[in-house]
Amino acid sequence: MILEAKNVSKTFRSGGRGGLAVHAVKSANLTAARGEFVAIVGESGSGKSTLARMLLDLHPASEGTIFLRGVDVKSMSKNQRRDFRRTVQAVLQDPAGSLNPRKSVSQSIGEVIRLHKAANTKRDIRQKTLTALELVGLDPASHYLDRFPHELSGGQRQRVLIARAVALNPQIIIADEAVSALDASVKAGVLRVMADLQERLNVGYVFITHDLPVVKKVADYVHVMYRGEIVEHGPAQEIFQSPQHEYTATLLDATPSLDALDGAAPTAPGASAT
Amino acid sequence: MKAVLIHYGKLLGSSFLLLLVVITILFALLEAAPGDPVQSLVGDAPVSEQFREQLVAAYGLDRSVVERYFIYMGSVLTGDLGTSFTTQTPVLDRILGRLGNTLALAIPATVISTLGGIILGVIAARTRNPLLDTGISGGAVGMFSIPNFWLGLMLIAIFSVQLGWLPAQGTASYGQSGIALEHMVLPLITLVTSQFAYNIRVMRSSMIESLGQDFVDTARSKGLSYRQIVWRHGMPNAMLPMITITGYGVGLILAGSVLVERVFGWPGMGLLLVESINNNDTLVVLGVAIVITVCILIANILTDIVYGLADPRLRARFRPKGSES
Amino acid sequence: MSAEPETTPLAKVTDLAVNLPTGRKQSVDAVRHVNLEVFAGEKIGIIGESGSGKSVTGRSIAGLLPTSPRVKLEGSIIVDGEEMIGADAAAWQQVRTHKVGMIFQDPLTYLNPVIRVGRQVEESIAPSKWKNRDPVVQEKSLNFLRLAGFPSPTEVSRKYPHELSGGMRQRVLIAIAIAKRPRLLIADEPTTALDTTVQKRVLETLATTVSETQTSLILISHDIGVVASMTERIYVMYRGRVVESGSTSQILSAPNHPYTQALLRSVRSLSEPDVDLYSIPLELRRKLEMEDVA
Amino acid sequence: MSHGAVPKITQTGGNRPKQQTWKVYLRKPAVVIFLTLLVIMVLVSFIGPNFVGSPFSTAHAPLQAPGGANPLGTDHLGRDYLARVVYGGRTSLLVGFTVALLCMTVGLLVGGLAGFYGGVVDTLLVKVAEFFQVIPGLLLALVAAALLGSNVTIIIGILAVTMWPVVARIARAEAMRIAELGYVESARAAGFSRFRIFWSDAVPNAMPPVLVATTMTVGLAILLESGLAFLGIGDANRPSWGALLNLAQPYITSAWWLAAIPGLCIFIVVLAVNMLGDALNDVLNPNIGKVK
């Protein structure tokens, strides 16, 4: 057990008079470990991104505690905190905005390596950057070093983000809607890279998404969030086979799928199908 | 209804606060001014010892800074701006006597620069002729870059001195009172230019932005003509920034009128300010600054009211929460 | 011209090519030699990845491409028997007023923020009655809002867009598009910005509205699941071309073109547990690119 | 970007590599013309004084028309007007550029930090900026200069104080937008300090609009300074173009060129600066083809 959220809540106060309290997350529990693929699913406003940010210690939790290997994140020493930042990496939403448009790929990855002193000399940093790019399937890696984000496709940008996370040899990667904006084929490619890293480097994932089929495909363990609460959690198979909570069922039911149509009677062009 | 009252109550409150800040800054400047405070109050006029003591007592110059601050604040807020040393009359009376002349220029200038700016801005934004757009936009940058007092001097040199078409100084011919129309022409042109140019630029870019919004596609898909799209959908959205700009424009025009009134010998508040600076009539200087501030604040409150009526997203703040889904 | 009205398509696109400016001097061939037709009352879909030209195709048929003179169209677009390539603004306006409606992706930005919802629907019914509002038109607009799934339309019609939720806004857009009784409705990614549960309801609304008003539908989406559940026939686009078209069931069960096959395999690989994650191989993309050049 | 949306024709400049942006910029005809003009005016004002003789010597006949020994004529005291205009330019330009530089530095730091960090400083900055937006700078500068006295340093100080909020407001808005972006959050998650993120990610990306605002500040500062000088508030030892205009006003009927020349100089410099700023804005935020 590596990263753990215990009874964490997040309350935002909407500004102005009265200060209406908005409970973005209500006492959520979650654990993530190496080699495990944990998913948080929910629709917009369900609090899943807020929970991810609390796990990353970007937003402090209003209540409850985040532990890394049993140590409260809030009470960490400087060294422990640095270790936390290296162990737990983030791959965030918005493929266009997640890379600084003014930094080349090598700068973006290199600065992280330098910060965590994963390599020191120029040559070592370059070597580490190349290795990371190769790991995520950007081949030949040297080809991408001097490119700027706008010269990359959406899928490539997402791979660069993953490469940057992987460069530090993390144990857990928290990915917030990391593949949601991608086309199906590109999405499958990025997911394959992620699954591959899970196998080769024993990375663990906390995977936040609204995309149920993807979760069904790759997750080991699923948390379903609805209005700030984890309404259901369990091994992926159980959740998908026999959803206990009404909302999970609705969510599953609403997902368009090809299976239902495969057997459907073919309709002739021009004829009305109503 | 209550929410509306709260909003305008807040607006009045913050305007009043702003006035207090201005008064405080003026007081601080007065304190920071180098030299003998009595002299800086009365200007260059020689002062008898007796009069000096009177002054010290009247203005509480023997008291602490804090006390003096509150005395000053108190008298300003009750409408007592002190006595002018050049004319020995109340400062407020002198200023109010000039206020009308200033507004006689400032109000038409605001109207002309706003309407003109909207019209030319819309033309520049919606024209398909790049030359016309470049012409209007370039002309606007040009007008915006002219020092308006210099423009005034040049207009005098051309239209008064060389051509003799229009009078150069004052509000009316010698011996006449009131304001003659031909006396207004040159000062008005001078005063309008830069604000007019600025409004063109704002209106053009805000119209372009508005016509680039997605809802324009919806309007097109309804089968509206370009004209209908521009007037029904482009204009209402493009006008929102214009309302704000017009509000601030009043302040800029009032400030600009100081220079323009000086050039054309137009006896308004601005000229009074310049004269008082030259005569070191400090209380009048401060008084004019305060009165102009009040004018600006009134304009701002009016702007906010208009804006609130124009933008439903703001009107929504008056509704109770929960009507949103 | 054929004598049988059933065999005359409502809209027919032949050899359409669209070139769009992308920068000061650059431009892109967004659509190349596309052929497409839709019959009265038919529901067809266009699927493809981002940048495949599916949106541009849809917008071309509705005459809603950017108005810049640098936008170049070639080929033929026949709407209801009339050739629209090279047609003037007035002719396009006629088409948009009476024949073709369009629904867009982001329901917030596609509604005018300072105009009440009801008025935006009324404008679609009778663009000329903007100043003197007609009670008949108002009544009609309420009916269309009701048809678009608002049980109490009067209340909604008085609201501004920012007061509605995403799903409600999308329904308003449907009401606007359907209110002028078009013969063809083009829906461009109508549910992409919505949550899955909301998406389902909006799609249901769209389906019932279209069939109740006997309107033809072109549904454009990157989500094959969405398109498959709504349409009878599908066009698959890639790099500005239609690589394959056919009945929905044929495309899904027996795709012919290698790209369609790969695309479907990658989509299936995402949802079916026993298929390994599959993305369209680079070699195939390169091969298709080479064929383009040739 | 959204799926299958019509390719956006806007926002290409924001992503263009730096050198290319500058290349596009320097190739614009307006930039070539006005940059040349500005460079000439700057050179004349800063190197010119070495060549034109004393601006104080009253050796010539008063109010001579331009031509002959005095290319720009002489003023009412018989001083060579060319020398006076050249020296005046030095003061005007010095004030304009110094004020702009101060505004940019302070505006970028205060505005950027406030927008990036939020909190009390931000609230305060918004109030201060609002204040200066409502109360025109000319008025405050006029009263302040009238009370505090007026040498070049004080004028520069007063103008900078009244004008920095313009830049700060823009820097704040940009920093606020950037603070919400993914790469800032990613950098925080990677463990970079907030200040380093501000410096390395926020500032460079906030720079384009701040630069545009700064060029506008140059022009405005020159206009304000000349306005004050025209009203007689300026450094008597260093008469700027505005001060020359002040002295020229009584002679508008007999020697119009005394007013025409310095005014024209102000106009040319301010126009050049504004045109360059406009072109910069076009390159950095192109809106070509944005109208649907």
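List of remarks:
Each chain carries a letter (A, B, C and D) given by its place in the written order, and its residues are counted from 1.
Convention: contacts are C-beta pairs under 8 Å (C-beta built on N, C-alpha and C of every residue); 3 or more make two chains touch, one makes a residue touch a chain.
As the structure is a prediction and not an experimental result, all values here were calculated from the model.
Geometrically, the chain at the heart of the complex, using CA-atom means, is D.
By number of C-beta pairs in contact, A-C leads when A-D and A-C are compared. Put simply, the C-alpha centre of chain A and that of chain B have 54 angstrom between them. A separation of 46 Å divides the Cα centre of chain A from that of chain D. One inter-chain figure worth recording: chain A and chain C are separated by 32 Å, centre to centre, where each centre is the mean of the chain's CA atoms.
Within chain D, contacts with two or more other chains are made by residues 1, 3, 291-292. Residue numbers of chain A whose C-beta contacts span two or more other chains: 154, 183.
Chain contacts: chain B has residues 217, 220 touching two or more partner chains.
Chain B meets chain D in the complex at residues 18, 21-22, 25-26, 29-30, 32-34, 40, 125-126, 137, 141-142, 144-147, 149-150, 153-154, 156-157, 161, 205, 208-209, 211-212, 216-217, 220, 248, 251-252, 254-256, 258-259, 262-263, 273-274, 277-278, 282, 285-286, 289, 292-293, 296-297, 300.
The part of chain D that touches chain B in the complex is made up of residues 10, 131, 133-140, 142-144, 146-149, 219, 223, 226-227, 230-233, 242, 245, 248-249, 252-253, 256, 259-260, 262-263, 266-267, 270-271, 273-275, 278, 287, 290-292. Within the complex, the chain C residues that touch chain A are 6, 39, 41-43, 49-50, 195-200, 207, 211, 222-226, 228-229, 232-233, 247-250, 252-253, 262-264, 266-273, 277-280. Interface residues of chain D facing chain A in the complex, by the touch rule stated above, are 1, 3, 14-15, 17-18, 181-183, 185-192, 200-201, 204-205. For chain A in complex with chain C, the touching residues are 43-44, 154, 183-189, 191-192, 195, 210, 212-214, 216-218, 250-251, 253-262, 264-274.
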